[in-house]
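Chain nomenclature is as follows: A, B, C, D and E, assigned in order of appearance, with residue numbering initiated at 1 for each chain independently.
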Amino acid sequence: MIRAQKIGKSFGPLRALSDVNFEISQGELIALLGANGAGKTTLIRILAALTRPSTGTAEVAGYELNREQQQVRKRIGVVSHQTLLYGEMSAQENLYFYGRMFRVPDLQSRIDELLGLMELKKRRHDLVRTFSRGMQQRLSLARAVLHQPNVLLLDEPFTGLDIHAEELLTRFIEKAVADQVTVLMTVHDLDYARDHAQRLLVLHKGRLAIDAAAAQTTRAQIVELIRE
Amino acid sequence: MNSIRSSHLVLIILTFIVIEIALYLSFLYAPTESTMGDVQRIFYFHVPSAWASFLAFFIVCAASIAFLRTGKAHWDRLAASSAEIGVLFITIVLLTGPLWAKPVWNVYWTWDARLTTSLVLWLIYIAYLMVRNYTTDPERGARFAAVFGIIGFIDVPIVYMSIRWWRTLHPAPVIAGGEGSGLAPEMFRTLMFNLFAFSILFITLLVLSYRISTLEKQLQALKHQS
Amino acid sequence: MNSLQQIYTILHKDILLELRSKDIITTMLIFSLTVVVIFNFVFEPGSEEMATSAPGILWVAFAFASNLGLSRSFAREQENSNMQGLLLCPVDRSAVFTAKVAGNVLFIFLVELITLPVMVLFFDLHIGPVWLPLLGTLILGTLGFATVGTVFSAISANTRSREVMLPIMLFPVTVPIILAAIKSTSYLLAGRDMSQVWSWLRLLIAFDVIYFVVCFLLYEYVVEE
Amino acid sequence: MNSLQQIYTILHKDILLELRSKDIITTMLIFSLTVVVIFNFVFEPGSEEMATSAPGILWVAFAFASNLGLSRSFAREQENSNMQGLLLCPVDRSAVFTAKVAGNVLFIFLVELITLPVMVLFFDLHIGPVWLPLLGTLILGTLGFATVGTVFSAISANTRSREVMLPIMLFPVTVPIILAAIKSTSYLLAGRDMSQVWSWLRLLIAFDVIYFVVCFLLYEYVVEE
Amino acid sequence: MIRAQKIGKSFGPLRALSDVNFEISQGELIALLGANGAGKTTLIRILAALTRPSTGTAEVAGYELNREQQQVRKRIGVVSHQTLLYGEMSAQENLYFYGRMFRVPDLQSRIDELLGLMELKKRRHDLVRTFSRGMQQRLSLARAVLHQPNVLLLDEPFTGLDIHAEELLTRFIEKAVADQVTVLMTVHDLDYARDHAQRLLVLHKGRLAIDAAAAQTTRAQIVELIRE
């Protein structure tokens, strides 16, 4: 479902990514690991068609990223460092807007379902700017999965979530994976990644240093890469 | 339930009586002006409205200072109520003026000192109301409005004087206008009484509006508890 | 067209945000009044100049107000990188462009419609016989301004250090539009021959068309990173 | 005074940011030049009107440009809630105020200094004999404008539709300053008696002092949450 | 070092905090826990004098919060949800600016020390807006401790940090506490809080539900509060 070929990205003199190659098949749950500044966010943004790679190509959800952006967009759900929510609209209105943009069928009941899942139902009519950090993150997750994407690209999705929401999200991801959704997510919690992900991708200074199942790498190996 | 207090009732009745008298004086007692005719009777509402708005803006400033010093919310509510009523009165001035201007100057508006001044004042206090309403956090909104209310009021006399030196066309002051302001005694008396009547009207409106905002606040508090 | 619904959705969202806060319209309205008041101090009262420069003041007020409205309208898409959220949606860039232009034209035109009568009173203008071509001028000027403004505000909103770009680009580039609008307005108000007015209006239409086509084509390069 | 160093630190930071991006100065410059150009077209070139209204146009251009500069200068403190960072520092609010006013005066004055020669050319003004009092007027007007503007930009940054709230608050309140500045400028350019000019300049000084004191006292209520 | 008395905060109709009372003495490390929206950030912001409480008073670092703000500010270091950094200035310039504002003696060597500690030395001359999330968080931590505050108020300080930086921060905090610095921090990781903090404060819907040493409460008790 995701295939990255020789992806590289430079910001001026700085090479954020070089020669990244990997493949992820449908229904896999992959954790993207790496030190701060390793290039995880940059990679996710490239796969989400938010930034163009300097070199290389990628295929997401069966479509070529550069040529068939619309098709890709329909099929991916993205959580990024920013919430992408409108502060002056309520939770409900934000979801409604994105739902319409994605032509989600039977939108209202889908919104109800997701607000229920994220336990935001009581606050659905409050403006998003009054939400606490964790509440915004929850809503941002709801926004990302609204249109039932086949591929989820999650950049530190657990940020700001309390342990209860963390469990909810874990269960949600597990269920999605069981439904053959492909998930690529960055996390800093190694143990979480090793317990839940089927495979680990570890970036080290912009290069893909490890691409292996959790059982095939030791924790120490990864820690060492992160420590530099 | 005493939604209207007896003191309020007294005020309302007093206002009603005074306004009736004012209407009588303006339309029946005062003589018709020789050159302008009956339009001139606008005068008896035009000038007192201006006076009432100045009074209102002064109260906004005083209450704002009190609010910033004490932090007591009731000063803020007083300032807000007074500003709203002040804007109402200055709007009346801006409506009655052109109505009068059209027959006598043959235009609704000209960029004369007094007219421009009134418009600038209107803009200042519209901005005052907007600052309050557009601030996302109500507590800060109160503080911002108070700051703006004080700086804005410094402007009331300054704007008045500076523009007067700049250009003028509007009638000179009648009250302290010295010799030849040429007002018939009946007219003068009517004007004086109307000034008094509008002051009473202003006070009543202020008291009631302040009362409403107090009740609103209590309602909010009740909503919290439940 | 299959993106019509999405254009509508974006437009609807912008209108919703506007209705909620009434930001753009109320503030632009008061603002254009303020501009008129300030510009008055440029002239001696009741002077000839005042009458002849009314169209200029009118359009400058509209231009400034629009500039503010435009920058607000894009600032809204910035707060939480919402523009990126829009880019994640499966929608053509051209649909986003069209929706944004439509929203901007709508808001600016509304403000102009409300301000105009006030200006007519203030400057004692006589628009009775020419109100229709005047309205046309208003729409044409607004359209050109909003088209260019939409692209430029996207640029200025997207590229960080180039935050300055909106006014820097907008004013010089739209000087032709503003001028043509001022000219035709003043000819109209001065009761000049329609053919003279028409030559300016034609220019205005030409600018509008050119700007729209160019902006439409360029927009997709502007919104992406 | 023990906060002198902190005032300098804040000012230094603002200058550094400006040198890096140059956005405030460029924006203001382009803007005021555009206003002048547009007005140039409003009037018939070389006409009487043009000469008599030059001081007005000058100041209106400066006022609008300053408005833009002021709002940008505050927007910078907003990006990552930097104003909160400043509030966490052990520094008097009045020091923050003074530093911000100083920075704003500096930037605005620079722009005026660059724009002035252009205006002199465009409007064919003769400022030779009066350049010193003219400069004084420029500084005094800028000071008053920046003082009030600094307080108001802090307010408007915390309101919805912040770009528009600033001019809505700023312009009506600064009418006396703009007026006095226009008056003394036009008296100077018309070669009137210095005593007449002086009466307006005195007024300008009085406004500046009053506004500065009041704003200085009120600033602390504005920046806190 | 911190004493909160009857602190309450309302946002319009919403009561974010009600009647919060606690005391923290010098050199204590306290974890502030609670579900998303429980009021943690609001409490931290009040103690940092960034927001006024609607009711109640607090004393921080020995000074009354309302009356002696300057004294309080000199002695506290704050990490909040925002980085408070200037994106258009370099790491070095940001620290230099804040250092001067706090009149940090021997500033340059202090900056070197902190950039070294946070492992940002190589990037010191890059603009902060080009930093990755974790790098920004590191710099934000450096900014907060620049003036060697007696009291640290840290709102989710681990956000975005990789495991290596997490260890660095943990060690830094331990050392600070050993030096008699008082630390109040919010975290979502219960186990971390129970392992490291001397005492736990748990907020539940704006009220202080638990104020006890880790040993005196069970994990389940806290989890239940977070689950509602």
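Please note the rule applied: contacts are C-beta pairs under 8 Å (C-beta built on N, C-alpha and C of every residue); 3 or more make two chains touch, one makes a residue touch a chain.
Just so it is clear, the model here is predicted, and its values are computed rather than measured.
Engineer: Going by the contact rule set out at the top, which chains touch both subunit A and subunit B?
Structural biologist: C, E
Engineer: Can you tell me which chain lies farthest from subunit D, using the average of the Cα atoms as each chain's centre?
Structural biologist: Farthest chain from subunit D, going by C-alpha centroids: A.
Engineer: Measuring between mean CA coordinates, which chain is farthest from subunit B?
Structural biologist: Chain centre farthest from subunit B's centre: A.
Engineer: In whole angstrom, what separates the CA-based centres of subunit B and subunit C?
Structural biologist: Once rounded, the distance between the two centres reads 36 Å.
Engineer: Report, in whole Å, the distance between the mean C-alpha point of subunit C and the mean C-alpha point of subunit D.
Structural biologist: Each chain reduced to its C-alpha mean, subunit C and subunit D end up 26 Å apart.
Engineer: Once you find the CA centre of subunit A and the CA centre of subunit D, what distance in Å lies between them?
Structural biologist: About 47 Å separates the centre of subunit A from that of subunit D.
Engineer: Indicate the whole-number Å distance between the mean C-alpha point of subunit D and the mean C-alpha point of subunit E.
Structural biologist: 39
Engineer: Two or more other chains touching the same residue: where does that happen in subunit B?
Structural biologist: Subunit B, residues with two or more chain partners: 120, 123, 126-127, 130, 134, 136-137, 166.
Engineer: Can you list the residues of subunit A that touch 2 or more other chains?
Structural biologist: Only 88 qualify.
Engineer: So which stretches of subunit D touch two or more other chains?
Structural biologist: Those would be 21, 160-161, 165, 168, 171-172, 175, 179, 224-225.
Engineer: Once bound in the complex, which stretches of subunit C touch subunit A?
Structural biologist: 5-6, 9-10, 12-13, 16-17, 20-21, 76, 79-82, 84-92, 224-225
Engineer: Spell out the part of subunit E that touches subunit A in their complex, as residue ranges.
Structural biologist: 11, 14, 34-37, 41, 81, 123, 130-135, 137-138, 156, 159-166, 188-190, 223, 226-228
Engineer: Where on subunit E is subunit D touching in the complex?
Structural biologist: The contact residues of subunit E facing subunit D are 48-52, 70-71, 73-74, 76, 78, 80, 82-89, 93, 97-98, 100-103, 143.
Engineer: Tell me, which parts of subunit D touch subunit C in their complex?
Structural biologist: Touch list, subunit D to subunit C: 21-23, 26-27, 30-31, 34-35, 37-39, 41-43, 49, 52-53, 56-57, 59-60, 63-64, 68, 72, 75, 160-161, 163-165, 167-168, 171-172, 175, 178-179, 182.
Engineer: Of all residues in subunit B, which touch subunit C in the complex?
Structural biologist: Subunit B reaches subunit C through residues 98, 107-113, 116, 119-120, 123, 126-127, 130, 134, 166-167, 169.
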